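Got some structures for you, see below.
Two complexes follow with chain A in common, the first pairing it with chain B and the second with chain C.
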Partner chain A sequence: MKNSAVLLPKRFILSVFLIAIFVWSLFSVHWNSDLLHTGGWPTMLQILKGVIRPDLTAEILALGLKAAWITLAYAVTGMSLAILYAFIVGILASGTLTSKTVSRLTSKIFFRGILGFTRAIHELIWAWLFVAAIGLSPYAAILALAIPYGGILGRIFADMLNDVPQEPIMALKAAGASKLQILIYGYLPLVWADMISYTMYRFECSIRSSAIMSFVGLGGLGYQIQLSLADLKYNQVWSYIYFLIVLVLLIDGWSNLVRRGLVERKRVKGISIGWLSTLLSVVLIIFSWVYVTEDVHFLELFSDKNIQYAQRFFGGMFGVGNPHPAFFDKENWSSALKLTIETLEMSIMAIGFSTIAAFITVLPAARNIANGDLTLTKRWYNWILFGVVRVLYIFSRSVPELVWAMMIIFLFKPGLLPGAIALALHNFGILGKLWAEVIEDMDSRPIRNLSSSGASRLQSFYYGILPRVLPRFLTYILYRWEVIMRTTIVVGFVGAGGLGMQFKLSMSYFQYTNLTLLLICYMVLVVIADFASESTRKAVK
Partner chain B sequence: MSSKTIIEAKNITKHFERKIALSSLSFTIHHGEIVALIGPSGAGKTTLLNTIAGLVPLESGELLIDQNPLPSYRGKLLAKKVGVIRQQFDLIGPLAVMHNVLAGRLAEWGLVKSLISLLVPQEKGLAMEALSRVGLADKSYESTANLSGGEQQRVAMARLLVQNPEIILADEPVASLDPARADDVLAMLVNLVSENRQTLITSLHSVEYARKYFTRIIGIKNGAIFFDLPTEQVTDDLLAELYLLKEKA
Partner chain C sequence: MKKWVSIIILAVLVFSLAACSGQNDKKTGKEKKEAKTQEVFKIGAIPDQNAADLSKGMTAVAKYLSEKTGMKVEFVPSVDYAALVTAFQRGEIHMAWFGGLTSVQARALVPDADSFAQRPRDSQFHSVFITQPSSGINKLEDLKGKSFTFGSESSTSGHLMPRYYLMQAGIDANKDFDGKPNFSGSHDTTYKLVESGAFKAGALNEAVWQTAVKDHKVDPNKVKVFYTTPSFYDYNWTLNSNVNDVFGKGADKKVKDAVLSITTQQKEITDFFQTDKFVETKNSNYAKIEKVAKALKMIQ
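Our next item is the complex of A and B:
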């Protein structure tokens, strides 16, 4: 009891603090009618009409199908490379292969550093850098996906390996197994299932990332969406978005199947889900690689011309031959820092908006509330609400931030607000889904007790549900904030303000040293966000 | 005892932080002996076993295994001399029983052979023989995590059979089993050890089991040997004093 008396104010103080930050971030926007384009609303309505009436002509469907395959193929090739990278560097970063304390620590710090650096930069930035360096090659997209995803996966793999129970490992050591033998007989079998489920979860995310790769000029669903938006053909936009949603749902379903198969570990008669999935993965990987690299030779990447381009580009970024590199200029720094603060504000606004939206919708979205299990109240409209909110969530999370931003920008003038709204539109669905799962997993007995003692729905929410799910909710808010931070720069590309907008401008004006400066600011921001969210998450645990 | 000395401890000492874990222990164990270590929790039983297993380095004193100092055995060589069995957490749950048993051969195998074995089990006959000796021949391809506690402990024994060390150290091998399973596992362990002419040292929290299955009992208290006697000479008075809570000074 004494313990909770101490804990409660801590969480309370944190919540108040977070709300205060959110309110502060709102002051960065000048709230007046000047925010909107004149005639923005009618355009918005037209866009929304497309939701109900997507263009379903055979021509568009064929185009969409092909674009969906391209998007999938890039995701698969990128992920397969990412897994390879994550596997090797993740094992090295876990320090399981080194025995001496000093060498273990150095390898941990070094390889964790590599993983941290590669995941700090958003895939679209990598893509942009690669395209600028080696031109429009499929390898630019594959590498751009593989590098940050490998960083994320590798870090989680390393964490998993570090969390393995020590008893079986000691037993293998006592049986005389070498370091590598312990790895393949001990560590890997113990984390295998977790590794696969996490990879599947990330695979779903990589589909969205692959879709937005199009924005640097590589084909796929994002490219089609961009073209249709430019042509103001909103009903076509939605046809492609529907393709994206279906693709995401398919992968989501597959990943759920695989995860359930791993948990249950049952051998079904005939072929198990595991073997089918392995087979499917292999086929997908082979076909994707063949398709993507069909008429591009890997060695062409290293042609003299390409190497020259790359040298010039990266040399430019480091300020080679530039008498006044931006990162040594005080004025540039001060403007970059101003943009950094703006970007920070945008991310906070974004997570604030998502939190509010998810908070309003999360209750009906939980299955055990919809069927009345949790609160003992059955209403006929519960299932309808459940369906509506869940469909909303699916739309929200299947459409990448960048696509939301491209649509929002029709209504809002460029600035921080549209960026924040676009980020929120994508994240509230993810947040809502994660939260709903928290509610679904909770022990229902105390809530039922409240209900049977006469508490209304709202009362049992405030007294029964909220206190117990709040820590998990906070954890997810912070985790999503981390992700949003990485993405702020991307929505900036389409004119949503902050570092991203300046990044794009500098790219167009070939101000390479300025790019470096902006990237430094961006990475500092991401690292700070990572650190802040991780330490706060530990504090509320 | 005319047989040769296999373990000889001379004044071995070990501290954890400032706490004494082992204070100047000396004893001799002959080949083929079956010894139980008993004593209150925290007396140093596990530390002693870990020291003999080479998992905890010695601070002072000397520990001879088969006439040679313990540090002279490295990794794979030590595994031929000393094998360890603990509570049921020694196994890799997601692996099939077969692979967990064959892990006892890792000291002999190179990396390539151990990798291949995960796909096509190598030296399968050896594993099957061990498994049938512990009565689990029919479970060889089940996932180890699906086995009961007693069965898992028998898999760990099968691994030891395959590893075939001269000395077996068992650290509370039946701590998490119910009485029937515990009897079963201990009887089997003692039986296998004497069949293979190995030496067994087991730490136990149950005096009853120590008396039932072991020929020699070492009582440990506060990191020191309290008594070291053949089982028939261990009296109830001695045991009561061993487990007595710290006298108030």
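Our next item is the complex of A and C:
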């Protein structure tokens, strides 16, 4: 913070710029009462009634329990494969194994490229591609989860290895250790804790991904939610959503325990959290793999038949034997580009809405404000507000975007707005939770000072809290925008407009070359978003 | 100490992964040998209506077929139309209950597949357009500027033919409605969405509509039919081309005969399909659907 005087205007300009983009995106929607279905509200009320009165009959509970296990099992199998992939490619991408500058750079660029490509595509798109190529096999879901998650993990692993303090490494080098020895005795021990805590955090996300994975026909909670929604049985929808929420909370709790255990490094009497977690992971992984792959042979994936189908599918995507592939057609390009702009607008609207919602709710959600530590004022309603907002956050982030979209589409007419709202509904809880943690971790002394010199709540927020947390807030906004960009295509599947909607239609009509065109547009968008967000994040740091 | 714990976590993760996948290979290898001796004849159906009813009806068909042919028959549910067509293309579904459009799509991918049986009503099939009585919509032209929902994108009676007759009436479904048209996913969802007022109007399969009215699943005071399309060919049983290769010569004839000899004695089946029997049909009956689908760019 030594040169904050220089940085402040930069942040100010950036904030104004981001707000301007958000306002621009709002113009893509014609704002009038026509946005809502005339009969949307009664349907919405029916859906909301299900929140309070979920279907809790024994039959539904049994089904929900089984579906929850399937969801967990796919998440575990997918993640275990993702860790393997991330570990190997991540180390290669960090360039720690190569000594010459040239080979180091090439291996860095090459493997970082692979990681970038694999994480650019959303897991549901991978799933579609795999199902089309190798059929409805559990491996389609496992690979679809493992590939993008491996990509994300691998990149973070590589970053961690690159950020390792150089002194211990130099010491090892000076002592004559080989590259492999430096890796095993130098780099890895330094990053283990971070690697595991980040993996645990990703594991929680993979539960939600695994749930929506079932939309491609592999069973699990998402499948049950979809079936109940198709039959308009909203009380059952909510029963399954509650199962999902509980599952996410359990994993969240576990991952918090592990992370705390790693940070505090305190010996607990009896068996430590680390050992228990190890045991639990092993048991989970073994049971999941046995369950998921029970009656499928891995090598069958590479049977002649499958290779033939995969060839035909990918050949179809590249336009083999198609006299008029969509990606050589001007008209197709212009319509795809229009959808690309729409998708961009949807993502900006979505992050804008979630920012606003999180901004309004974040103060009561911080523990140190609820207990009065930060502002030195204790109000009886603070804890109630804290509870309400935190429950809202949990609902918001536990339900995947796709499920929000499927419900929102009953209220709004198909288009960009329902997509943006569905994305915002999921992300404001995540944003709020991350922001609340920022406030909880901040230095409380300046704020207390303000409060004790008589500043009101609002004043201490504007002059005390906001200036301190804004950079972190901005970082998280940009980071979530990146994630939202990747997910826009998924909410489109259920009629929320943009590239995703067209993707689903092309899939239904088997227009493979059009799929390729849409995927190209989508990937360009994701890469641009990644780049823009990363460079701005560096700028505000 | 914590370092060691974490190293062991990761090491065990990796080893257990390798170990258990090894075990699986052995186990599934054994199972595979058993499976070879008795392949399962898999049937599928487009998920165009209430999932629970569909599963019940199709399971009854599977049971009947396995009694009649001596093969092991199983119903495989699918989440959407395209998934079923893809599974059919891959030969993983041996016989499917398709709609007109999906059968045309499937035969485009599996040229030797055979649409062999239909219900008597399927040669004279209709779609109905529904709306709320107070909406002021009385003919197709009135739909301009109103919100509208189709069924599934791949449905013949819920999308393809309604869109075709809308076009004939001078309405472009992509432009002339209030907003883009919705795709509800199934016929049952369509009338429920119109009943709740979520959409002003919709189009669906006449047979599903009639059942809904008969079983009081829809309130006739809230939804009315204002237009019924001319007739077209729709649903049919389509047999995959790989049946004789997998199940031996003559298997196709056995299955076809079994389907064609379903009578009202198989009450669960005939009730579900709302018919008293299945009659023969042929691929060429669906030429018109193919033409319309090509015109609307739904198949290549």
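The definition used in the following text is that the second predicted complex is superposed on the first by the 536 of 541 C-alpha atoms of A that agree within 3 Å, B and C clash if a C-alpha of one lies under 4 Å from a C-alpha of the other, contacts with A are read in each partner's own complex, and residues count from 1 in each chain.
Methods note: a contact is a pair of C-beta atoms (placed from the backbone, for glycine too) under 8 Å apart; a residue touches a chain by one contact, two chains touch by 3 or more.
None of these values were measured; they are calculated from a predicted model.
Enquirer: Taking chain A as the common reference for superposition, should the pair chain B and chain C be classed as clashing or as fitting?
Expert: Here the two partners, once superposed via chain A, fit next to each other without clashing.
Enquirer: Given the touch rule stated above, what does A:G387 touch, chain B (first), chain C (second), both, or neither?
Expert: Neither partner.
Enquirer: Does chain B (first) or chain C (second) touch A:P467, or do both, or does neither?
Expert: neither
Enquirer: One more residue to check, A:P189. First (chain B), second (chain C), both or neither?
Expert: In the superposed model, A:P189 contacts both chain B and chain C.
Enquirer: Based on the superposed arrangement, let me know which partner A:G253 touches: chain B (first), chain C (second), both, or neither?
Expert: neither
Enquirer: Per the contact definition in the header, classify A:G315: touching chain B only (first), chain C only (second), both, or neither.
Expert: Neither: A:G315 stays clear of chain B and chain C.
Enquirer: When both complexes are superposed, which of chain B and chain C contacts more residues belonging to chain A?
Expert: Of chain B and chain C, C contacts more residues of chain A.
Enquirer: Going by the contact rule set out at the top, does A:A175 touch chain B (first), chain C (second), both, or neither?
Expert: first
Enquirer: Please state the minimum Cα-Cα separation between chain B and chain C in the superposed model, rounded to the nearest whole Å.
Expert: 5
Enquirer: Once the complexes are superposed, what residues of chain A are shared between the chain B interface and the chain C interface?
Expert: Comparing the two interfaces on chain A, one with chain B and one with chain C, the shared residues are 189, 192-193, 265.
Enquirer: Contact residues on chain A for chain C in the complex?
Expert: Going through chain A, the ones touching chain C are 34, 37-40, 42-43, 46, 80-81, 83-84, 87, 131-132, 135-136, 188-189, 192-193, 195-196, 215-217, 223, 226-227, 230-232, 261-262, 265, 267, 272, 274-275, 277-278, 281-282, 285-286, 289-290, 293-300, 305, 309, 322, 409-410, 413-415, 495, 497, 504-505, 507-511.
Enquirer: Tell me, which parts of chain A touch chain B in their complex?
Expert: 165, 167-168, 170-178, 180-181, 184-186, 189-190, 192-193, 265
Enquirer: So in the complex, the part of chain C that touches chain A is made up of which residues?
Expert: Per the stated touch rule, the residues are 1-3, 5-10, 12-14, 16-17, 20-21, 23-25, 28-29, 31-32, 47, 50-52, 78-83, 85-87, 89-92, 105, 108-109, 147, 153-154, 178-183, 185-186, 188-189, 192-193, 196-200, 297-300.
Enquirer: Which part of chain B faces chain A closely enough to touch in the complex?
Expert: Going by the criterion above, the answer is residues 53, 55, 75-76, 78-80, 82-84, 86-87, 89-95, 99, 103-104, 106-107, 109, 111, 114-115, 118, 143, 145-146, 156, 159, 163.
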